[in-house]
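Labels run A, B, C, D, E and F following the written order; every chain starts at residue 1.
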């Protein structure tokens, strides 16, 4: 196994029988005994494009302990199809050195350019006419630390926009639709735009994306609706003369944007902008989720996904 | 009471103590006996702007029978406030002659110009690139009878867009938002546009708007989702070579656009365009409903509506 | 393996250790690698009486490709019990020739005689006194193509009456109970009978039964309630002078027969006959489902089924 | 007011302006002050055919105290239509003597002959082949006290079969349908018949029908499902050798016959007979409720009832 | 009407026919026209013990405008029973001078001594062993402004503990039960005690109690769960070295204490203390609500309340 | 394998690689064929502390038939970790003789002393002041057979207090909390205490705990709410002069203590004591369930449980 640099093959591009070498992340790992009494290591191996089951036969416990879950490895393997699904027969692997790899390269990433999204976001903030609301938007997004987190965060662990940059991409989609809607409907455009930008701001604390996307403890205990609304109070308190009613309205948009108690909103929408935000959020999220599930239908002969618990139904890929 | 023509005062413009004369529709009427033993007629009197309770004291049964519910009357009355609500003390009235009145003037009406909305609708149809979908749109809206009904129909009896022209106004809002969304999302623009135009087409048979907006028998027995989807089958059958799958997709959009079983959709959304249509429909309908309820808060000191069963909450009028 | 004709042994009649030869359908098939590195074919093998897992050890990929899922094979095998369930050790197999087999013999089938059920159905139609309703019934069931489909169709994919002839058997049960009920209750007998006959007519398009019972694309996108009610409109339109209200009533019976929004009815029952049809349908379907689940308890020592999601409980086999 | 006997006019047969005299029950009564300061008595007056509002103007408190709610009066009155509903102007009244009246004549009553229903019930019991189940049926219905209560009891306070004899009429309908179903379906006919006969037996303790039908304290605290199942245990305990499993099965039928937790069944149906009983009960009850509501549409021009909370919809009277 | 001081008779102590004079609050007021054409004022008059309908006949508009809703009046009246309910015939009234009245005397008030409750609360805080949790408790309750608000606040507008001092009384009940439970169960006593003390702290901003108890705008837009959890973050931030996890745990207790999404908790209980708090809160609140409704049964002959929407049932007063 | 007595090692105390010998119960057992064609026995082996998968390789069918599920065996084995979970490699085993083992030792057991709990229960009964309620308590718990069953019964199959002695432990917890609550709230202390003692009495018939805890047939068909309430009627009937209303109140407490229809209560709480009992029951049960799930988190690095269907969420182990 030579260690000279070179791009790691994308897992999703491998075909049955391909032998390949590169850097990958170990998502899960266990040391097991086969029916014939021999030991093997059973892993989930991932890069940004896919994650596959992998086995190293005739393994010993030392090698297993060297590369626990969460570790990056240099791996030589063979792709096989098992029960219709790709699986990796591992030939050999070793832990990677920090200098060899870029952590973010092991997570999926938005197809849109990160700088372009940041610029688009700042332009939208610039278009907010109400000085209070613009100041509040700036208090968040002109804070470099927040902007860095926001631009990197996924929008969910499993469902829609579950990739690096997913949160800002989703946010921009909603803000743009909010602009279009404000042009036709009787609505406070500035409040709706600000609500669109901040509705999921709590997710930068609810989720963490290192080798995998997962919830933080605070995220599970409090939820991103509460976290986001609390941050609004803190930022607004730093803006001299910020009217309390405006704080409450922005917090209300965040707290009510799931639209129903059973989806985790502690208050129901009570202003037109709150109804608009709830449905714009769902519009973008549900369509992205549906597209993602349809894209994941493996078999080109099939035009239905499996049953999706999130969408409560199967999805159909219309003929092309 | 002179009968020379002249515009009837709008009911909504009357103030406490105003005496007025004009043509109005009798929505409800009953002949009653007061506690002092005298008879009176209790009516609901309406024009396009409002509907009020009205009483004619010391009435006789002949006069009551002359003007049943649904009748147009020429009425001389006095507006009074009773329990905080406007009420009409009727001084005298007589049935109107057909030549004196225009039926549509007794129902509320869209603020947008009818011809402009029709033109906008036709332009959208012209922008549908898929020839099958465009042909299906034309099969509906180039049919003068359907277009006449569609342009006049309200979108609901009580809730959003419950006025003459409400259906086309609501439909255009959705179609325009669909265009904006299709520009950003991976979606079949033509299918979504067509679904937007046809999603409530069944309402022209479900509702009837004569002196008041109400459901038809067929509307209650079948619902506008079924009616609309059935009409799609009939129109598509007349277009040579129309692909069956496209018929099913358009029907699916109509049948699933309420989004949940408990809102009367017999199938849940199964394609991305169906999720989009459901949330675009809700976006426009819920915001319009909220605005309408807020606008109806009578007391300028109050900033909350009563509890709304449709929206399951009270609504807040944000300070100005 | 001799190919001379002879009845294939029923899978359900085999016992542990039986060797057998016959024609069977391959429901599922995959090519797999065992832990010892050898390849094998893992299949589901079925006839009308049962379906079992089956393995062919030391298989090659060519043989696997010769008989994909959906194929009929001539198979020599050995029945074994594995983890308490029957499983087939395949000794050899080859694809069957079309001339050797009858497709319908691989699906379960109603215990009742097909001709007798058809005659009973026609007799019931003859007993409908209302000439409009009788004409509508004939428009469906005197159409040979529809009758052929109807008599062959199952009533469901997995649940009640999921076998060839299940739809007509279920329909007759309901119609007979409707007759009995009409004799005691204030009900429009003819309307209820017609509704009983047509309530599931949409299933002949919603389901298809070739080697297995499954939903069609249109079935999933539209559902059998919509499809059935649409067909009623089409047939009624061909009967001169058919009263529109009667069309609506029959359509209403079909659309409302699931009885609740959450079971997929877009309108709730609004006439006495609709309540009757809903409960008669459930009466027959739920009891058949319960009986089927109880009959499938394998272990004679046990008197409880597993938890059934369809019935939301376990079922009890009362002592005999 | 002469007191010589003679049949009291049925309230339901009175027309606007009719003066009438007879014995009626006072359901509710209150002493009130009109806006003009005078006192009057406001009552609900009923017989078996209807119940109407009634006013006695210029009343004094002594007369009010003489005839509280629940009292039978001899009354001279005038029927008037007020707000479209019949109302009685009371001219005079006095308490009735016990000797003048028959209590049961003031409650509505089944249209079927009481003796015929009793005979039919006994014949059904005779047809139960299983000696245990027949013995249990006899333990209830050969007990003269129980039979008397059962034959007199209504089946509900407000909804279906809310009249004297309603319980036995409803029970017979179900039992007859159970017989018809048992002839076609795989079901324990004797168990289902017995369950049909006993499913509502607890109602003879849950409801009491004196001048009006109402719940007893025990009825509200325990419910007729529990009461009925408890009585089965008591009766079965008196039958030598009655198998415990059979007790449990009959109790299970009673406890599960509402079919869903939210309708008050503490256990869901777990045997085929329990599913059958639940749907047979609903079949009879829902259709009777619908018919009753439709029959109560006052206005012959209308073909829709008001919204019914029990049936969750409006009901339609199909054209004749 | 002499104005010399003297205690106002309690409304709840008045009997039919009593004439009385005192200071009362006008909760609602409207100027109305009777059927005989005369004007009258219709009010709701209240003190801490009860609130009754009241009418002043032959009133003029000036007097009506002098005493709008929310005003305190000196009133001479006569108590009458109307339709079984007490009602006041107003003889005369005038606005009260500020010097004549104590605002709090017009709202119901806890039966427990205010100082004793404050002392009990402080003692409980003293018993919290964990120094962080004790410091957080002190940050709230050693703040004189918060303690003043907390000790005065009701616990609800309409339901349990809807009186001055209700919040602290309810809080103490829960804390005492929490102590008892902590003695038997494996639970973090200090965390549960602190959660008990703070669970409803947001109500001091959600509700306001001046002449009546009502929600604030912020209360409706945000809810007391969010408000309370936000205040915890603010107070904890002022305590040097307060561990973030402890902030999250206390916030989690507050946010989850309604126990279910549909009751407005945005997160479900995830630690044992959260389950304990939820059920202790319900224990105290539901029993108090039930007792209050039962105590309000007017008629001593009746032992059932009306249907309560909050408790979803009627309540029974067990015989004494 | 020597059979001389000696304590069997606790399964939960074994570590990877430990060889051990002792008496254990076989919960499940099946005879299987491995991919290499050899036969093995796959079992679940349990004692009071844990239950593990176990395999005996190269087994023959005779040995398998000697020790079916439910049998106690003397077993020599080796503990291994497989996929992160402990698993037993069986070296040899034989059926145990009755004289060698104590059945109860194979089920988990309360940590509290059985006699102490019995004494505590009797003392609580002694503190019930109402002679009727005390007599009813004695009728149950002074019956040696009932007391024996009650003291041994678990409180559930899988969830809270699912161990020998769990029912009495849970009952005592509730009764003690009821005492504490009665000291602060307006409640019938004696009724609430009695309800606490009897609320789950039906579980001694609903559950059976031999080698494993499972439901009885009657338990599934009737439920412990019904069974308990029925037993109350039987016991009360034996107490001379026991007031029927008291029977109904105690039965009501039992029937309503699940608090909601969907949790299987056929009646909702209608007296304050019923609300109290419902929440006290939940308080103890939910906290015990949460503690049990948290204690079962295997990995010391993790602080979240898996999703629990019973509690509808994940649970968090707060840092120590």
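The rule we apply is simple: a residue touches a chain if its C-beta (ideal position, glycine included) is under 8 Å from a C-beta of that chain, and two chains touch if they have at least 3 such contacts.
Small disclaimer: the values here were computed from a predicted structure and weren't measured.
Student: In the chain contact graph, what is the shortest path length, in steps, from subunit A to subunit D?
Tutor: 2
Student: Check C-D against A-F and say which one is joined by more contacting C-beta pairs.
Tutor: Comparing C-D with A-F, the pair joined by more C-beta contacts is C-D.
Student: Tell me whether subunit E and subunit F, two copies of the same sequence, contact each other through the same residue numbers or different ones, using over half shared as the line for same.
Tutor: The interface of subunit E with subunit F is built from mostly shared positions.
Student: Which chain maximises the distance between its CA centroid and that of subunit B?
Tutor: Centre of mass proxy via C-alpha means gives F as farthest from subunit B.
Student: For the two copies subunit B and subunit E, what rotation in degrees overlays their C-alpha atoms? Round to the nearest 5.
Tutor: Rotating subunit B by 120 degrees superposes it on subunit E.
Student: So how far apart, in whole Å, are subunit B and subunit C when each is placed at the average of its C-alpha atoms?
Tutor: Computed value for the inter-centroid distance: 45 Å.
Student: What whole-Å value do you get for the distance between subunit C and subunit E if each is reduced to the mean of its CA atoms?
Tutor: Inter-chain centre distance comes to 61 Å.
Student: Please list all residues of subunit A that touch 2 or more other chains.
Tutor: 35-36, 217, 220-221, 245, 249, 270, 314, 316
Student: Mapping chain-to-chain touches, which pattern fits: line, ring, star, complete or other?
Tutor: Drawn as a graph, the chains match no named shape, so other.
Student: Of all possible chain pairs, which ones touch?
Tutor: Final set of chain pairs in contact is A-B, A-C, A-E, A-F, B-C, B-D, B-E, C-D, C-F, D-E, D-F, E-F.
Student: Along subunit D, where are the residues that touch subunit F in the complex?
Tutor: 217-218, 220-223, 225-226, 229-230, 233, 244-245, 248-249, 251-252, 255, 261-267, 270
Student: Which residues of subunit D touch subunit C in their complex?
Tutor: These residues of subunit D touch subunit C: 173, 176-177, 180-181, 184-188, 191, 245, 249, 268-272, 275-276, 279-280, 282-284, 286-288, 290-291, 294, 311-316, 318-319.
Student: What does subunit C use to touch subunit F in their complex?
Tutor: Residues 34-36, 80-84, 303-304, 314, 316.
Student: Which residues of subunit A touch subunit F in the complex?
Tutor: Against subunit F, the touching part of subunit A is residues 30-33, 35-36, 42, 217, 220-221.
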